[in-house]
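In order of appearance the chains are A, B, C and D, and numbering begins at 1 in each one.
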Amino acid sequence: MSVLVDDDTRVVVQGITGGEGKFHAGQMIEYGTNVVAGAVPGKGGQEVYDVPVYDTVSGAARQEDANAAVVFVPPAFAGDALFEALDAPVDLVVAITEGIPTQDMSRVYRKLKETDTYLVGPNCPGLITPGEAKLGILPGNIFESGNVGLVSRSGTLTYQVVDNLTERGLGQSTAIGIGGDPIIGTDFIDTLKLFEADPDTHAVVMCGEIGGEDEENAAKYIRQNMDTPVAGFIAGRTAPPGKRMGHAGAIVSGSGTGTAESKINALEDAGVRVGDTPNEVADYIEQFL
Amino acid sequence: MRLHEYQAKDLFADAGIPTPDSTLARTVDEAVDAAAEIGYPVAIKAQVHVGGRGKAGGIKLVDDGEEAREAADEILGMDLKGFEVDRVLVEEAVDFVNELYVGVTMDRGEGKPVAMVSTRGGVNIEEVAEEDPDAIAREHIDPAFGMHDFQARKVVYEAGVDGDIARDVSSILSTLYDLWEERDGSDAEINPLMVTSDGEVIAADAVFNVDEDALFRQPDLAEMEEDAAGDELEAKANEYGFDYVRLSGNVGIIGNGAGLVMTTLDLVDYYGGEPANFLDIGGGAKAQRVANALDMVFSDENVDAVVFNIFGGITRGDEVANGINNALEQFDEIPKPVIVRLAGTNAKEGMEILNTDLVQVEATLEDAVQGAVEAAEEVTQ
Amino acid sequence: MSVLVDDDTRVVVQGITGGEGKFHAGQMIEYGTNVVAGAVPGKGGQEVYDVPVYDTVSGAARQEDANAAVVFVPPAFAGDALFEALDAPVDLVVAITEGIPTQDMSRVYRKLKETDTYLVGPNCPGLITPGEAKLGILPGNIFESGNVGLVSRSGTLTYQVVDNLTERGLGQSTAIGIGGDPIIGTDFIDTLKLFEADPDTHAVVMCGEIGGEDEENAAKYIRQNMDTPVAGFIAGRTAPPGKRMGHAGAIVSGSGTGTAESKINALEDAGVRVGDTPNEVADYIEQFL
Amino acid sequence: MRLHEYQAKDLFADAGIPTPDSTLARTVDEAVDAAAEIGYPVAIKAQVHVGGRGKAGGIKLVDDGEEAREAADEILGMDLKGFEVDRVLVEEAVDFVNELYVGVTMDRGEGKPVAMVSTRGGVNIEEVAEEDPDAIAREHIDPAFGMHDFQARKVVYEAGVDGDIARDVSSILSTLYDLWEERDGSDAEINPLMVTSDGEVIAADAVFNVDEDALFRQPDLAEMEEDAAGDELEAKANEYGFDYVRLSGNVGIIGNGAGLVMTTLDLVDYYGGEPANFLDIGGGAKAQRVANALDMVFSDENVDAVVFNIFGGITRGDEVANGINNALEQFDEIPKPVIVRLAGTNAKEGMEILNTDLVQVEATLEDAVQGAVEAAEEVTQ
C-alpha cells in the first residue's frame, strides 16, 4: 500500500504543452504513471505522447475520469490553475511551480480548506509511490518500493535521504516533497496522519528545515498520535539568524521557534530520532525495521 | 524586495495616507534647498535599509540652514552598517503627542493576512511583540473577502487607540491593507504613525516590502532603485540570480536546492570546518550557471576550498560536470581545490566527464564534505 | 417554548444611536426584550435607555454576553454591519435594513453559509416570541402567546394574519418575518425545520408571495418532513406577469415557477391548506388545533 | 435601473470590450451627419427600453444618406410600445458570421452571481432558456473571490464556442463580470456578441441594469438619463417614490407593505372586483405621503372607488388618518368614494380622527374590500 498515489491514480497534467510540463509528463509516463490527460487552454484536441489534451481541467476530469492533477503552469497563471484543479474537482493536486505570489497562494489556501482535495506544494518536487506512480519531477530511479514513508520540505535533500535509504535496501512506501514555500497545502501533520494510517508504512522519515513552526507542530502531533517510529532531519543548523536561505521558508527569526535547535528539541522530545547527517537518518530507520 | 522610505511614502501618499512634506536629496546642496523650501525644523533621514537608523546616526533633526548643511554633509556618504548612504529624505518635522504602530503582513502559519495595531509605536515593534505580545492587537483577514471595514475598526479599538482618532486610524489601516493587497506587499508598516496635538495622524515612517515573486505584475515597483548591496559578492549573486549568503568560514559551498545546500553547510560544521557561504544554483542549471557559481565562490578571498554537491533531479550531472570542466579549464592553476560529488540524474555520465586533474571527485556527501574540510585545513596550515 | 428567541436572548442593537435604531430599541425594551448593549462605531461609552453602547459588536458580545444582534444600520453600511455581527459572533442576526445592495447581500450570504448563525432578513420586520422577546419592528400588541408558528416574506401581511389569529384566541409560539429581498438568510425551509422540532408549535402558518421558488421548495420539504399541520397564504394571485410589485422578490417571470398558481399547487400537493383570504387561513388553523 | 444601449456601450467600451463605432443622435440631421461620419452601411437604433425593438420597427439598416434620413425621420418620435423615441444610436453595421450570447446576472435562488454563454445569440435568450436550457452554459461565481479566469474559459468552452475565438470571448466575459461587480450591475448582457468573418468579436448590443439599491455608490450611473416612462401615472409614482403598478380595473388600492397590498388586490378580485392599481406607500408614511397616494389614485380616470388598507407597524394610524382627512378636505366633493381600514399601531386613534363624512370606515380587511368593490359597482351602474 501507499498514501495519496498508486496504480489507480489517473493524472491530468496542467501545462502539458509547455517545456517543463511536456518533459516531465514524458518522465512520469515512462515511470509507469497513469497520465490520462493534459489540460491547456486553447490546446484542446491536441495530443502529447498520445495523451489527449483538453481546454479545461474539468473537461479532462470528466472525459478521462482523472482524479489527480500535476501543475506545471508558470507562476503568473498558477494560482488560477490551482483554483481550476480544485473546481474540477480532483482528489489530489500537485503543484510543481516555483515562484507563485504569496497572496495568490493565500487565496488558493482559503479555497482549499473548503474542499476535500489534497494539495501538495507548490514549489515542490511532487510525490512518488515507487513502482506505481510518480507525480512530479522526482528522479524515479533512486526510489525503491518498500515500507518507509518519507516527507520533506526540500527536494534535493529528499533525494539525498532516499539515496541513503535505497542504498541499504530500505525501500519507500510513498515519498512526498511538500515544498518549501511560506504557504503550502498538505503539511507535515497531514502527511504523518496518512502514513500512520497506512499499514504498509512501518517507519517514517521527516526532513524539515529552519523557519516556521511546522516541525514543532508536527512534533506535537507525533507525540500524541503516532505509533509508527519516526526518524528526522533538520537542515539549517548553521544558518545565521535573519538570513534568507533559498526558500522563503528557510529563514530564522532569531529566537524562539523556527530555529534548528527548537525543531530538533521538539522532535526529540516527541521521541523522534533526529540524525546529524542524512546517513544517520538511514541508520535509525534501519534500526526501526 | 524592500522599498526605500521615500518610495514607500510616495505609494502611501498616492493612496491617500497623510505623510509629512518631504523631498529626496542626493547632494548636500539639494538637501539644504529642500529644507529651506519645507521650512524648519526638518529631519534629514538616510535612505538605506538598515534597522535602527536613528541610533546609528542616520537621522538628524535640524533647525536652520547651517545645521541642515552640517547634517546632510555628515549623513550623505556615511557608512551605515555596511551600506553607503547616497540619498537622504528631507522631511518636515512633525510635532507629535503620541506614536502608534500600524502594519499588515502575511501570517505564514495561518496562510492569511494579518493586520496589526499598537499604541506602542515609534519603537522596535519586534521587541514589543516579544516583551508584551498583548500590546499589539491583531486581526486576521480573509483573503477571499479582503479587509472588512469593521475589521479595521475592531483592531484599532482593541489596540486601545483613542476614540477621537480611531476613525482616522481605521481608515489609514484600510487604505494600507488595500495597498498591500493591490501592490503585492509582503509587509506594509507605518511606525510611527504620529498623532499631533490637534488630533491629526500622519505617517512619519513607511515600510513597504514587495513579494519578489509578484514583481512581474508590479512593473513600476520592480523598477525602483534599490540600495547598492552592502556586500560586493551578494550584489554579484543578485546579478547572477543565485540564492547566496556570505558567511565567515573558509569552506565554499555550492549545491542545488536550499535544503541540500543547508545540509552541506551543516555537514561542513559537523566535520569541523566552517562554511564560507550558502550558494544555491537552483534547479536545472546549465553549464554557464555552474561556471558562474564557481566564479563567485572563487572571488571570495576567505574561501580555501570548495565543495560542489549536486543531487540531480531536474539538474543533470553531465551539464554540471561540463560546467565545472569549462570553468576550471580557463585557469592555468586552479585557484582553490574543488571537491565534487554528483548524484541523481545523469550522475554517472557526469562523473565520467569530470576532469579529475582539476577536481577531486567523491562518491558520497560525507566524503565530499570531509574532503573539502581537510583541503581547507591544509591551505590554512 | 419557541424558536430562535426567548427570555434568554441577549440582544445587541447595531445602530442604536440612530433614529430608527433608538426608537425600536425602546420599543423592544418596553416589550420586555433583553436588550443588553448597543454597538455604534465611535459611540462607545455612551448609553441609550441605560443600555451601554460599544464601538464594536464583538466588544458588546464579549462584555455583555450578547447572543443576538438586531441591525438598524443604513443600507450603505449594513453589509459591513452584518459581517461584523457574524464575526462577533452571535447566534442570531436580525437585519431590519431595507435597500441593501444585492451584491453586498450575496457576499454576506456566502459568509453566512460558513457559520452556524441564523440571519433573519434583511428587509424584514424581525421576529417575536410573544410575551418573551421581540427583535425588530413588529407591533408587539397584536401578538399573543400560543402554539401557532408563523413565517412570512411580508411584514404587514404578517400582521394581518396574526390579527386574524389573535382575534380568535389562536396565540403564536414564534412569528418570523423572513423578508422580501432577493437574497435573504433564513428561508422558509430553515424556519419550518425549527417549527417542526419545537414541541410547543402545534400548527404553522406560512405566508408566501409571487416570485422565486422558495415556496415550491418549502412545499417539497413539508411533504417529506413535516408532521405539524401547515396552513398557507400566497399573495399576488392577481399580479400581472413581468411587473415588479414592491419587493424585488415579488415579480413573476411569466411561466413555470414563481407564479401564485405554481406556489399554491405545490403547497396543496404537499398537504398544506392554502387560504383564499387571511381569514380563511385562520379558519384552517382553528380546525388544526 | 436600466441603462440605454448607448450608455451601456459606453461603459463596455471604456472597460475594453470591443463595440461598433457609433454616435447618439437626437435629431434627423444629427443622425444623417453621424451616419456619414461613420460610413455606410449603418444601423439606426431607437434608444428605448422595449423588448423586440427590431421587430417593432425600432431598428433600421441603411445604405446611404437618403435612407438614413428616411429611417431617422421614421424612428425619432415614433411610439414604441408606449414609449416615445427621442434618441437614436447611429452605428456602424457589423458584417457577422455568427452571433453569441454572453451575460452576467444574480442567481437569486443560489444567492450568487452566474455567468452565461451561448452560441445561440441574436435571439430572445429567455426563449432559448425555455426551449433548450442546455444551449446556455452557466457558471456560478463565488462572490467572495469574484470570477476566476478559468471560470470564464470554462463556461465559454462548455458553451461550445469555437476554439479560435474562445480566448477573446473569455476575456470579454471576464471584463463584463468585473464591470458588473464594480458598477453594481443586476444584469449585464451582450446579445448578440457578433463574430466577424475574420474572427473578431464585437458587442453589437449592450444591456446593463443597475441595482437601484446601489445607486448611492454609482453616482454617475444614477445621473444617466432614463426614458420618460410610458405611463404618466407611473412617472408620477416615480416622482413621489411609490411602488406603483397600473392595472386595468376600477378599484383603486392603497396600502402599506407589498405583501399586504398584493393581498388587497387579490381580495378585490376574490370579491368580484377588478384592481386598478398596486400602490405601496411603504413603511412609516407621514400625512403628506398619504395625501400624495390619494392624489395619484384619484388622477386615474379608470378608478371608481378606492380602498385604503393600512396595517400599522412603523406606520401610525393617526398619521394616516390625518393624511386622509387633509387630502379629502380640500375637495368640495369627494371625487371617488374612499373606504378605509386601519389596523395595528395607533389604529384606534386613527379611526377616531377619520372624518366619516368623507370616508367610509370598515373594521376588517374583508369588509373594506367588499365595500370598495360594491361602491365601484354602484358608480359603474
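Methods note: a contact is a pair of C-beta atoms (placed from the backbone, for glycine too) under 8 Å apart; a residue touches a chain by one contact, two chains touch by 3 or more.
A quick note: this is a predicted structure, and the numbers were derived from the prediction, not measured.
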For subunit C, the least number of touch steps when starting out from subunit A: 2
Greatest separation from subunit A - chain, by CA centre: D
Between subunit B and subunit D, centroid-to-centroid distance (C-alpha), Å: 57
Inter-chain centre distance, subunit A versus subunit B - centres from mean C-alpha coordinates, in Å: 28
Subunit A residues counted as touching two or more neighbouring chains: 107, 111
Subunit D residues counted as touching two or more neighbouring chains: 142, 144-145
Graph class of chain-chain contacts, one of line, ring, star, complete, other: other
Residues of subunit A that touch subunit D when the two form their complex: 41-42, 44-45, 55-59, 77, 80-81, 83-84, 87, 107, 111
For the subunit B and subunit D complex, residues of the former touching the latter: 142, 144-145
Contacting residues of subunit D [partner subunit C, same complex]: 106, 108-109, 111-113, 130, 142-144, 181, 184, 186, 211, 213-214, 216-217, 243, 245, 247, 255-263, 265-270, 275, 278, 280, 283, 311-314, 343-345, 364-366
Residue numbers on subunit B that touch subunit C, as the complex places them: 145, 148-151, 153-154, 157-158, 163, 166-167
Subunit C residues within the subunit D interface of the complex: 75-76, 98-107, 109-111, 125, 137-139, 142, 152-160, 163, 180, 182-183, 207, 209-210, 212-213, 233, 235-240, 243-247, 249-250, 255-256, 276-279
